[in-house]
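Here come two complexes built around chain A, the first alongside chain B, the second alongside chain C.
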Partner chain A sequence: MARRGSAIRKTLLFVLALVAAAAAWELYKAIGPEDGGSILGWKLLPRANDVSMPHVWDVSARLLDDESRTSKRPIWRVVLSGAWYSFRLALLGFLVGTAVGVALATVMARFGIVKRGLLPYLVISQTVPMIALAPLVVSWGGKLHLGSWEWPKWLSVAVLGAFLAFFPVAVGTLRGLESASATSIELMRSFAASGVQTMRKLRFPSAVPFVVPALRLAAAASVIGVVVAEISTGLRGGIGRLIIEYARQASGDPPKVYAAVVGAAVLGLAMAGLVTVFDLVMMRRRPPAEELT
Partner chain B sequence: MRHRSKAIAAVVAGLTLIAASCGDDDAETDETTPAGSDAPGTTMAPGTTMAPGTTMAPGTTMVPGTTMVPGTTMAPGTSAPEVTSTPGTGEQVECEGRDPVTLQLQWFVQAQFGGYFAAVDQGYYEDMCLDVSIAEGGVDIVPQQQLADGEADFAIAWVPKALQTREQGADIVDIAQIFQRSGTLQVSFKDAGITSPEDFAGQRIGNWGFGNEYEIFAALAQAELDPASDVELVQQQFDMLGLLQGDIDAAEAMTYNEYAQVLEADNPDTGELYTADDLNVVSYEDAGVGMLQDALWADAGRLESDEAYRDIAVRFVAASIQGWAYCRDDPESCRDIVVAAGSQLGDSHQLWQMNEVNKLIWPAENGIGMIDADAWNRTVEIAQNTPNLEDATVLSEAPGDDAYTNDIVTDAMALLGDSVDVTGSDFAPIEVTLEAGGA
Partner chain C sequence: MTEVGASAVPAVEVTGAGKVFNPGTTRQVDALVAIDLHVGPGEFVSLIGPSGCGKSTLLRLVANLIEPTSGSVRVNGKPAPQARLDQEYGMAFQQAGLFEWRSVVKNVELPLELKGWDKGPRRQRAMEMLQLVKLGDFAEHRPWQLSGGMQQRVAIARALAAHPPLLLMDEPFGALDEMTREHMQAELLRICGETGTSVLFVTHSIPEAVYLSDRVVVMSPRPGQITTVVPVDLGSDRDLDTREDARFFEKVTEVREALRGHEVDELELARGIGDV
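So, the complex of A and B:
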């Protein structure tokens, strides 16, 4: 297996994809209608002018500029530190969400009655709009005390990330835990394996290929949850807050808004990369599987 | 695998964009006090006199050096801070502990709230034996609701919106009307020729909706225009892109925020920034349909039953007045304080905002914070009787006399004595030059 070669190839392709995306952006800017366009009476085509779609190089250049005349920090550093702050919240949300999701899935896989009772509520939980939930969860801040410890606002934001993240994990893991073939389960039974043993030796390993894509969804969901919750609650420090702060300068300084959005994309990439690493670690001893994931 | 991660990254990027734009236009919640600035404002013609039976002259003397205990009775259990010396004179004060106070803003740190940040920075709250922490707002944070829920001790909110929350059961009261005038404008390009509400006829009129549109409807009614047929009302985001891109003929804007955003944008025809000469502005304050905006709200029940809270309120309002007076006298320094407090808006934009906010406060004929009965009544009248397109009014009935009180601000001014100019009768705004993007 030419590991190094494939790593270089992947990196190259990744860079190529970025360039292609930038090229597509610029291409549309070049040929798209300045003031937007309609298809069959629907306003579908986005505006290609500099306010709506600033040039890629303008956005890149803006990243290098200072944030303002008083704050001498370049924008890329502000954006990166915002992304890093949000990343930690999203990671916490992702881990909590994953733990809760796997736990729920395990209980559901073990006890059919729990599954029948609980699953519909999990689905319902995801239909609750984030913006309705956010102020409620945020109001825990300052209300919940454990001894001298007070529930901080940032934890609410992480909880909202976890709230979006646990669902795909629960559903994916459940599906995975149930994926062990009947013959394998019968085999375990013939060995007089206990329920716990069957879980550990058979069900969990066979669930991994289902869990990994679920984790990918969860990673993306936790990022979205954190970013939206930051915007909703105005939590200072993260990329969501930065986006909305910069968005207020959208009419005068459009590239700055996109600079912040780039930060959000980097954050998403970092989370996705994390799951990829997990995937590589978990699947390292498996035969290259064509049909899995 | 890499395809998937790219796809996810794309989705995340896309969704954050969506999220950002949603947050930006506050489109999700109607209670939201948008862009801090953008809650509906009220009717208060400049120059209206406020005269609600105030006996307090901002010249009441207070002998320096006297030991003054603001709020005589203290609920048992609360720390009883005593102010020894005259506050506001910069003398050393001795406090027996400071009362913790949380102030809930409508929005992020910006010059709109400059006076409070100045009061923190300059130690005015400390001098009043208060330990004030300022909580920023967010897209889904409703300040008056935070107050009613006990999350904050005081909140800043626009009068109509707070009255709406009050009507829905929140026990809150306006204790100081900091902004004496409405800062809402309708901004259009010169060539559209919109110089008064009468000219709205046949035009695309941008409005923020979510309760921010009532001044527009009041102006339309005054101009005898039918909002349903005579004008085209366009839902506007909380920015000026609609106007700049030609979707809207006249866009709703706050003097201290969105209007500046236009002046910070490039005019593609000249390659330079737009100037005030390129624009026509209709001021709802001047049109006589302004509604009262930023006010300090307190918990009415606590004010009634808790002497200590009432005393804190008096001291809090007094120190806040000092802060606003500081911002009036030194807008640049106040801007720097706001920037240091963590505002991410550009410097020139921030100074513009400071200056425009000063214009909404000063001169304050009866003293900053005094609630003028005429302006209040006009606000209530519009909130009650002007339906929007959905035929909804802000209020279904009059809020009653206990929705505001001048007692606190009267006591606060007595506490300040003549150490602070609370009317700012010789106030003169400064000239601010906006830079591209507000930098």
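So, the complex of A and C:
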């Protein structure tokens, strides 16, 4: 009962936050300087004119309109199908990244020498800019031929999503695997549990509360990875490409860019929702947060 | 269960055992020196002493969680490593250490699961153990829904699930309040009486050691060694009145003085160093 009540409250809060964001946008448009402004000589205030910040209702109306004079499909359908295309790539990247992250964490937790050798490189891997990496992955993939099978470009994009997603999972899972108390480990030893048994019955379950927030980060990272990779590899069909395409028309049709951005936000929300479902399933029998102490 | 208690094989046989941590370095610590310890079948023996006297280290040697530097450790007639693999003992710590992701009954099943028991017999045995600690109604609860004393009872049920002839306990009631603690002590005596389990029990409470034990082993630190063994002949059916008994107080005094004797040595030692 309490759970259902809090679910309703959470949904209400979510809607309220959306309304508040829209209200803040319109409030700034009403009082902000048309051509931007400076604070103490720094150009900080964004321009509030209709080109830079179209009205919320203009963006909404544009979503229902046709895409262009030549294409009669309404924009929301174009944006949604782009978001769906990117969602599938992000999901693939997220799943691959999660699998790789958990596998790396398991090996690192099991063998201290692997952890000491590998962990610094994992940290460094995340400092490589996506923009630089994307063409490399595409060209490496292009050299792969397995019989008649050729490496498609969309797979490179998913791999780049996975490249950003695996890191929080690896770090979070590693911390989780190491979170089992010394007493619990002695207990397993006193029961003559094998290393594999200790991993399965103690370390993995102990890691779950650490993995769940790591997956949230990974979901967001995979979306960012895929959108940026779509742009930098020039892959058509996804929301990243759509944002770039519509941005070129920004001066003549400003709400159109924001229509694509709304699509990207929906994509991010879908991924976050997926992780929330996982969270609820995995944590349903855990102590409520206030009783963790 | 009781046939084990009736056998003549000693539950614990420690002979000339020593433990040195970080040998050959500047941080070398002689944790235990020349320890001889014997726990008979069905016997309840407490280890007591100031912190740093190595009582927990000795318990861990018996449990084969650490290896002795010298001497031998046998449990139920077997070398300690073999005894651990055969689950000749069950163990309970100060923290109940229940797995929060398992129900109470699944926690008790854990050691049986690790041994590869089938689901049916496993559940049946776990339920028996929960009834033994009077928590049969809480089988499907989550550990975090129970009080500290109840959690500790689940931990004892878990330790006894595989019917080991020996129970090793490291200050299991140390985190409980006084009332719960006395209740748990009476419960522990009842459970051991019913199952014939031998117990090696680490504590730093003198009344607790006297109330529970057939013998109290007094230890002293630097290096950790056994100084005195106090037999406690209060009979086997001890109840709440036992704590009011004059003989109980005599034994408490005796253990306290055995612990003090060591304190005096410390003082004299300090004085001796001062003179130099």
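Basically, the second predicted complex is superposed on the first by the 284 of 293 C-alpha atoms of A that agree within 3 Å, B and C clash if a C-alpha of one lies under 4 Å from a C-alpha of the other, contacts with A are read in each partner's own complex, and residues count from 1 in each chain.
We take it that a contact is a pair of C-beta atoms (placed from the backbone, for glycine too) under 8 Å apart; a residue touches a chain by one contact, two chains touch by 3 or more.
All values reported here derive from a predicted model rather than from experimental measurement.
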item: Room on chain A for both chain B and chain C (clash or fit); value: fit
item: More chain A residues in contact [chain B versus chain C]; value: B
item: Partner chain(s) touched by A:F111 [first = chain B, second = chain C, both, neither]; value: neither
item: Chain B versus chain C as contact partner of A:G252, first or second or both or neither; value: first
item: First, second, both or neither for A:V261, with chain B first and chain C second; value: first
item: Partner chain(s) touched by A:L235 [first = chain B, second = chain C, both, neither]; value: first
item: Chain B versus chain C as contact partner of A:A272, first or second or both or neither; value: first
item: Which superposed partner A:W57 touches (first chain B, second chain C, both, neither); value: neither
item: Angle, in degrees and to the nearest 10, that opens at chain A between the C-alpha centres of chain B and chain C; value: 150
item: Contacts of A:I243 with chain B and chain C, given as first, second, both or neither; value: first
item: Partner chain(s) touched by A:P205 [first = chain B, second = chain C, both, neither]; value: second
item: Distance in angstrom between the closest Cα atoms of chain C and chain B, superposition on A; value: 20
item: Chain C to chain A touching residues, read off their complex; value: 60, 63, 65, 84-87, 89-91, 93-95, 97, 99-101, 110-111, 113-114, 142, 144, 168
item: Complex interface listing, chain A residues touching chain B; value: 10, 13-14, 17, 35, 47, 49, 51-52, 67-71, 129, 131, 134-135, 138-139, 142-143, 213, 216, 219-220, 223-224, 227-228, 231-236, 239-253, 256-257, 260-261, 264-265, 267-269, 271-273, 275-276, 279
item: Of chain B, residues touching chain A in the complex; value: 1-2, 4-6, 8-9, 11-13, 15-17, 19-24, 28-29, 35, 107-108, 136-142, 146, 149, 151, 238-241, 244-246, 257, 261-262, 264-266, 336, 339, 342, 344-347, 349, 436-439
item: Contact footprint of chain C on chain A as seen in their complex; value: 181, 183-184, 186-193, 197, 201-202, 205, 208, 285-287, 291
